[in-house]
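Okay, got some structures for you below.
Here come two complexes built around chain A, the first alongside chain B, the second alongside chain C.
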Partner chain A sequence: MATRVVVDPVTRIEGHLRVEAMLDSDNKVHEALSSGTMWRGIEVILKGRDPRDAWAFAERICGVCTTVHALASVRSVENAVGITVPKVAEIVRNIMFLTQMVQDHVIHFYHLHALDWVDVVSALSADPAATATLAQQVSPHWPKSSEGYFRDTAATLKKFVESGQLGLFANAYWGHPAYKLPPEANLMAVAHYLEALKWQKELIKIHTVFGGKNPHPNYLVGGMPCSIDLQSDNAINIERLELVRAKILEARDIVEQLYVPDLLAIASFYKDWAAIGEGLGSYMCYGDVPQNGIGDPAHFRFPRGAILHKNLGEVLPVDPTHGDEILEEVGRSWYRYPEGKAALHPWEGHTEAHYTGPKPPYEHLDENGAYSWLKTPRWKGNPVEVGPLARMLVGYASGRADFKAVVDGALGKLGVPATALFSTLGRTAARGLESQLAVGWLQDEYDRLIEALKGGDNNTADTIRWEPATWPKDCKGFGFTEAPRGALGHWIHIQDGKIANYQCVVPTTWNASPKDAQGRRGAYESALIGTPMADPQKPVEILRTIHSFDPCLACASHVYGPDGRELAVVEIG
Partner chain B sequence: MADSLLSSPGLTTYDILSRHGVSRRDFLSFCAITAASLGLEAQQVPAVVEALETKPRLPVIWLHGLECTCCSESFIRSSHPIAQDVVLNMISLDYDDTLQAAAGHQVEQIRKDLIEQAKRGETEYVLAVEGNAPTKDGGVYCTVAGETFLDVLRETAEHAKFVIAWGSCACNGCVQAAAPNPTGARPVHECITGKPIVKVPGCPPIAEVMTGVLTYVLTFGRLPELDRVGRPKMFYKQRLHDKCLRRSFFDAGQFVESWDDDGARKGWCLYKMGCRGPTTYNSCATFKWNGGVSWPIGSGHGCIGCSEENFWDDGPFYSRLAKTPLPGIEATPQKVGIALTAAAGVGIAAHLAALAIKRGRAAATENKAKEA
Partner chain C sequence: MTKTDGSPAPVLVLAFGNLLLEDDGIGIELLRGVEAAGDDARVEFVDGGTQGIALGAALAGREAVLLLDAVRLGAAPGTVHHLREPLRCAPPRGDSAHGANAGELLATAALLGDLPARVEVLGIEPASTRTGIGLSPQVAAAVPTAVRAATEILAAMLAAASGTTPCR
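So, the complex of A and B:
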């Protein structure tokens, strides 16, 4: 008799996600539904507004990957009206982008994903001395690895557990047979959960320097709002730059001596997960971190491209502005298209909310009908996965030495073949390896900034086309970035200086999408197929694979909606 | 009234149970079961007993509706207290889908159990709400475990001791409630009745403002004093403009006229670039952000007024608004504050006239100084 497992809410993610998994008689997943259960309609709200304001609205699509929607938004407007941002502004944006990526990945690993692999209660029986020995083996240069340090951590944990108020850790899956770490590794991971929690607020100060605050730092169409003037006490000067430099150095330590060693140590106990959760085997990214302007993808640190069917021998070119490459369907979503339209490019995006799901409160979704607030995007007709694994594979398959070095290094340490990358474990590992690259590039971009300033270049904004009167009457733009969770695109249509249409296709829409017209699954659903469950009542295994994608549902289901009325915007000043 | 709102910080779990007629013997057996469910050895039961008798933490249910999670992200950036301290030592964050280890029905069970216990008077909890509820079309635009968020919110609020509305979504509706508000998103106070609500607006609120509200309640055992719209006076009393480090340039009529111009590099006033500092009540100018590193105006961008009601529809952001006060009428900031909440329109012509008068005065003063 088939069992249906419902996980709702999926926790330790951003937003509202529901997973329904059908198990066969061996308790393996043979069918899965991924459903976004929230919708906010931000694109509808953007219609009729000033395109220069769009970044602030779009940034509020997500406060976890805060920055990436703002970046994609200003780039879409600049692309539409023909603005090239000054070199220094581009470098500052790269620093903002890489800062966010590193911070987000570390938080994901320790605070959203680790508890799928780490048994907190088991940590109570760890020996602090043995934990210290283990920690020193795992990361010889990380300073906090004494017996006393782990004794203190154990005492904190014991006091917390014995309080009887387990808070965030209550009613979880402690003791589940899928947990494989020895108590000492669990205690080490708990200690680092707390270390990372203390640290994440530090790196983000780079955003505060350039963007004034985090979450939701400020951006600007045409550049960055922060002026740089080495002779001013009211602009970015040497004191500010030193703060940035110090935070980059701390980040290097955290990634290279805490995150990556922990990742590899934990992964070594879970090598069986290198054969679970493969999913689509097809990957796509737009690329980012420009070295020579956003219009020159050949000089991005993250290359652009797609890989189909695990063929690492060929990286296919991607053009998101081409009318046929990226199309979205709504056949299994709670939207409808005009008569006769089956799939639309985002620039033509027409959508209309049309809820056909069960009336709440409900038990189950209808697997034969529409079941999500997410649309179904396809690249050249293919379902593709986006995110860190896609980026690492495209970089690797492009023959980039920097990608090859970190990937081959990790595979060697774990003693697994390259095919291990196509898995839940591979996806989780890719995020750490990508952080290693990103934190190195963060230093490189800082050095580029200093070089530019040495040369007397400190322009942070191009204002020649600031006024809408200087824009074409009717223009379209594409803005993109590689968000922590994958390829992010914003498509804008501007008419008479106002937003006529705004569409976002975001990473979690690619990954968590419902099935397409041919019945092909998206990345989440596909990756869940074949997942074994030790106890269908306790969905640890489902959480592992879903969390390996780092879901962000506010992003995925922010979008789309009925055509809103044109907003009357009254220009006052 | 405020004092009676919160008995939990002074009461241990044992106090609460015994107040409701649970015997010492039943309490000890409860402790033994708790210990066993945690996988603890029998000899550790006394420690559980001691903790439950003496060390309570305030139970908090943290719900997420239509939102972007920026409030949670801000919360964990707090410098003092740090998030670890709040979660391990001050409150018991019993339900929070962003950080919770358990998922699905295990996590929903926690919420339902807590509500049941509160109904029976065995515990008390605080409801913290991040985001808001879509009310259109039966609430289908946000569901949790198959229930509408609107129902979850009402059910959980009914037995909460009081409610904290985190951020502008929960307080004012924020971005998804901007016109045309496609989902009918409504702030918390429009969805529930009969509960004290502490509003902590901002998109997001400053981290130390968020933890400050909690630590105030835990330290003093009562809600902070609130203003007429329900915000803690200690954090939302003053306009940014009143404490702005660029204020002297405003008064002197020195403005940034274009991005990255000479004035921008000198840190002149951003009012002409659309800054909402003169109409925004928040602590940004005082505490600054992320451990005091900077704040939006400090880093060269005007304030967008993210803690004010309806700020998304009060744009475009880069245009000066008619209701912004002008240089030259700042003799009594208090009056201006009142005047601008009344918000009568003053056109740009008036602004320029006022600015000209201001500059004229400055020039006259300068001349006088020269003469002297």
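So, the complex of A and C:
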């Protein structure tokens, strides 16, 4: 047995996103290429399998998105064979969905995105007393805001940095002129980052209660595999539900007293980013959190719809099962479609690798040819952005009072107009505002669950159509959810009880897609155009915009000068 | 299975891996082998899949942790690796929250003061991590050796751990 001291990582990366940005002579981005460099073949793995098992494979696609893939998968099968899940199962799914969304958003903000705006090294020079004053202004009801607390935090941070374990904070551009926060705001944000890390370990216990285990909770075609009985010792009883209630209250505190106040405080120093990173201006979501069954989008807490060209006066209807509303092109991707096909609906989807790119390691991509392992999905021919901003805008434009209250409240506090939403700052803010809605809905869904249980309804699964013999010989289904980073769809085709075809269109495919046949850019590419860069060797500005989408990919950014020379290679976290 | 309350078992065996990427699933395969070999209330087995810092809850409060994973060090595929100081080697700040990154998980635990005193890694050099289910022949052949090695490490961790062995 070899015993080695390591040089290479014990690491694992889900996929790889590469962004190449071309700058003009005044260091503004004038062209961008977004390329996903890993091929995922879940479709190939699922062909021929039992549709009732698909969720367990889909759950393994991504480490963070386990629950959303499982949910989209069971819904696709239920849609295909005609199962309506019982009300209690629907509520439990909603609770698990909202829990994951809140946890993912908070971690994205503090752990992945905040360091694009917060200078950790600057925090070391903060005055703890002044930080305490600032924190008490920003979050007056949060208990941990004393001078001593911030002194301790600074000491912990200093010790960590001095121990040579900077690691967590190594991959950034401390001291870059694009960082605008005073040292005290930086220290406050770092303290809250530590609080968020501690808390996220707690919230996810909700998944363990309902899903039996985490990180791979159990799902079931037809409902949920858990048994709930308030009085029983052998089921999810009132004691377990009390734990869920307590975790929801903690989540509310974290979102309402740390996340949203920090977000607005930090945003107030970066209002120039309300005019950067606009991108497509077109948005789409499938909606989620059903109140009356998955077949009734009119009663979703997250409404379904699309907005084109920043027109908030009209929310367009979306039907992902309609033959040609959603089509995927592969003209700029490393795939081949059957002869004569330029675009396919996911039900007809085809995944045949056909690599024509340069031999790795390469210096740059061929901007005139195929340049990505991601396909190019389009809605009614339009490139659209998916994610929190899309959901908040569709809710807002649909006239929903709950959406209007949080959006208008934040715009008022920042003193910016609604057009500020179409930006990198807007995208980042939308995630926080959505979390605010989501924690409130978590409480509502919990209350609905208790009410149903008290009324004697504890049916968590409909098993009448469990046996494939009860299914149509040939059927198709669409399963969807709103994953934290956007609309997620699974399309299934079942023949003789087995999977004949299975296609996933994930949110990052919508956002990071390459250009389409008309040469129109995807959301990432489009959002980078016009971005000013203070120092092209340290492209923190590109990171800000790409991170604002919360990519479900690791990525490397390559920045090119006017002569095509590579200026920097940056790993994006 | 992750507990939701009470104090955690002193020893954790945590596997990383994506079962859909051939040899990337090594850790999960090893977990099954080690789990079958041992039944002791002082150890908890967790299939971490491809999660990163979200596994922080699993690490907190442990005395010793054995990570099972694919380990790529440039050796011949199927080589069994035993790493005693993984924090020194793994690149910490992750590229994404979406890949389990043992280094990031360990560094985050260290920042929070949750890092167990003893952390070791037992893994196998992968041959192929393309999309697909099942291990390559070279790696599959090394699994029994690796399971034996992991079981020995676990036994040593348990011998040093607090608490008594339950009656069988």
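Convention: the second predicted complex is superposed on the first by the 535 of 573 C-alpha atoms of A that agree within 3 Å, B and C clash if a C-alpha of one lies under 4 Å from a C-alpha of the other, contacts with A are read in each partner's own complex, and residues count from 1 in each chain.
Heads up, the rule we're going with is that a contact is a pair of C-beta atoms (placed from the backbone, for glycine too) under 8 Å apart; a residue touches a chain by one contact, two chains touch by 3 or more.
Since the structure is predicted, the reported quantities are computational estimates derived from the model, not experimental observations.
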{"item": "In the superposition, chain B vs chain C on chain A residues touched", "value": "B"}
{"item": "First, second, both or neither for A:L543, with chain B first and chain C second", "value": "first"}
{"item": "Touched partner set for A:P551, first chain B, second chain C, both or neither", "value": "second"}
{"item": "Contacts of A:R400 with chain B and chain C, given as first, second, both or neither", "value": "neither"}
{"item": "Which of chain B and chain C A:K380 touches, first, second, both or neither", "value": "neither"}
{"item": "Partner chain in contact with A:R252 - chain B first, chain C second, else both or neither", "value": "neither"}
{"item": "First (chain B), second (chain C), both or neither touched by A:K201", "value": "both"}
{"item": "Touched partner set for A:H216, first chain B, second chain C, both or neither", "value": "both"}
{"item": "Which of chain B and chain C A:F169 touches, first, second, both or neither", "value": "both"}
{"item": "Which superposed partner A:F57 touches (first chain B, second chain C, both, neither)", "value": "both"}
{"item": "Doubly contacted chain A residues - partners chain C and chain B", "value": "6-15, 39-42, 44-45, 57, 60-64, 66, 111-112, 156, 160, 165, 167-172, 194, 197-198, 200-201, 204-205, 208-209, 212-216, 243, 554, 571-573"}
{"item": "Residues of chain A that touch chain B when the two form their complex", "value": "6-16, 18, 37-42, 44-45, 49-50, 52-53, 56-57, 60-64, 66, 111-112, 115, 120-121, 124, 156, 159-175, 194, 197-198, 200-201, 204-205, 207-216, 218, 220, 222-223, 225-229, 232-235, 243, 334, 353, 355, 357-363, 373, 459-461, 463, 466, 538-539, 543, 554, 561-562, 564-565, 567, 569, 571-573"}
{"item": "Of all residues in chain B, those that touch chain A in their complex", "value": "13, 31, 34-35, 38-40, 44, 47-48, 51-52, 55-57, 59, 64, 66-74, 76-79, 82-84, 87-88, 91-94, 96-110, 134, 137-149, 151, 174-176, 178-183, 185, 203-204, 207, 245-246, 258-260, 264-267, 274, 284, 289-291, 293-301, 304, 306, 312, 315-322, 348, 351"}
{"item": "Touching residues (chain side chain C, partner chain A) in the complex", "value": "1-2, 4-5, 16-20, 24, 47-57, 60, 67, 69-75, 79-104, 107-108, 110-112, 121, 123, 131-133, 145, 149"}
{"item": "Contact set on chain A toward chain C in their complex", "value": "1-15, 39-42, 44-45, 57, 60-66, 103-104, 107-108, 111-112, 156, 160, 165, 167-172, 194, 197-198, 200-202, 204-205, 208-209, 212-216, 240, 243, 551-555, 571-573"}
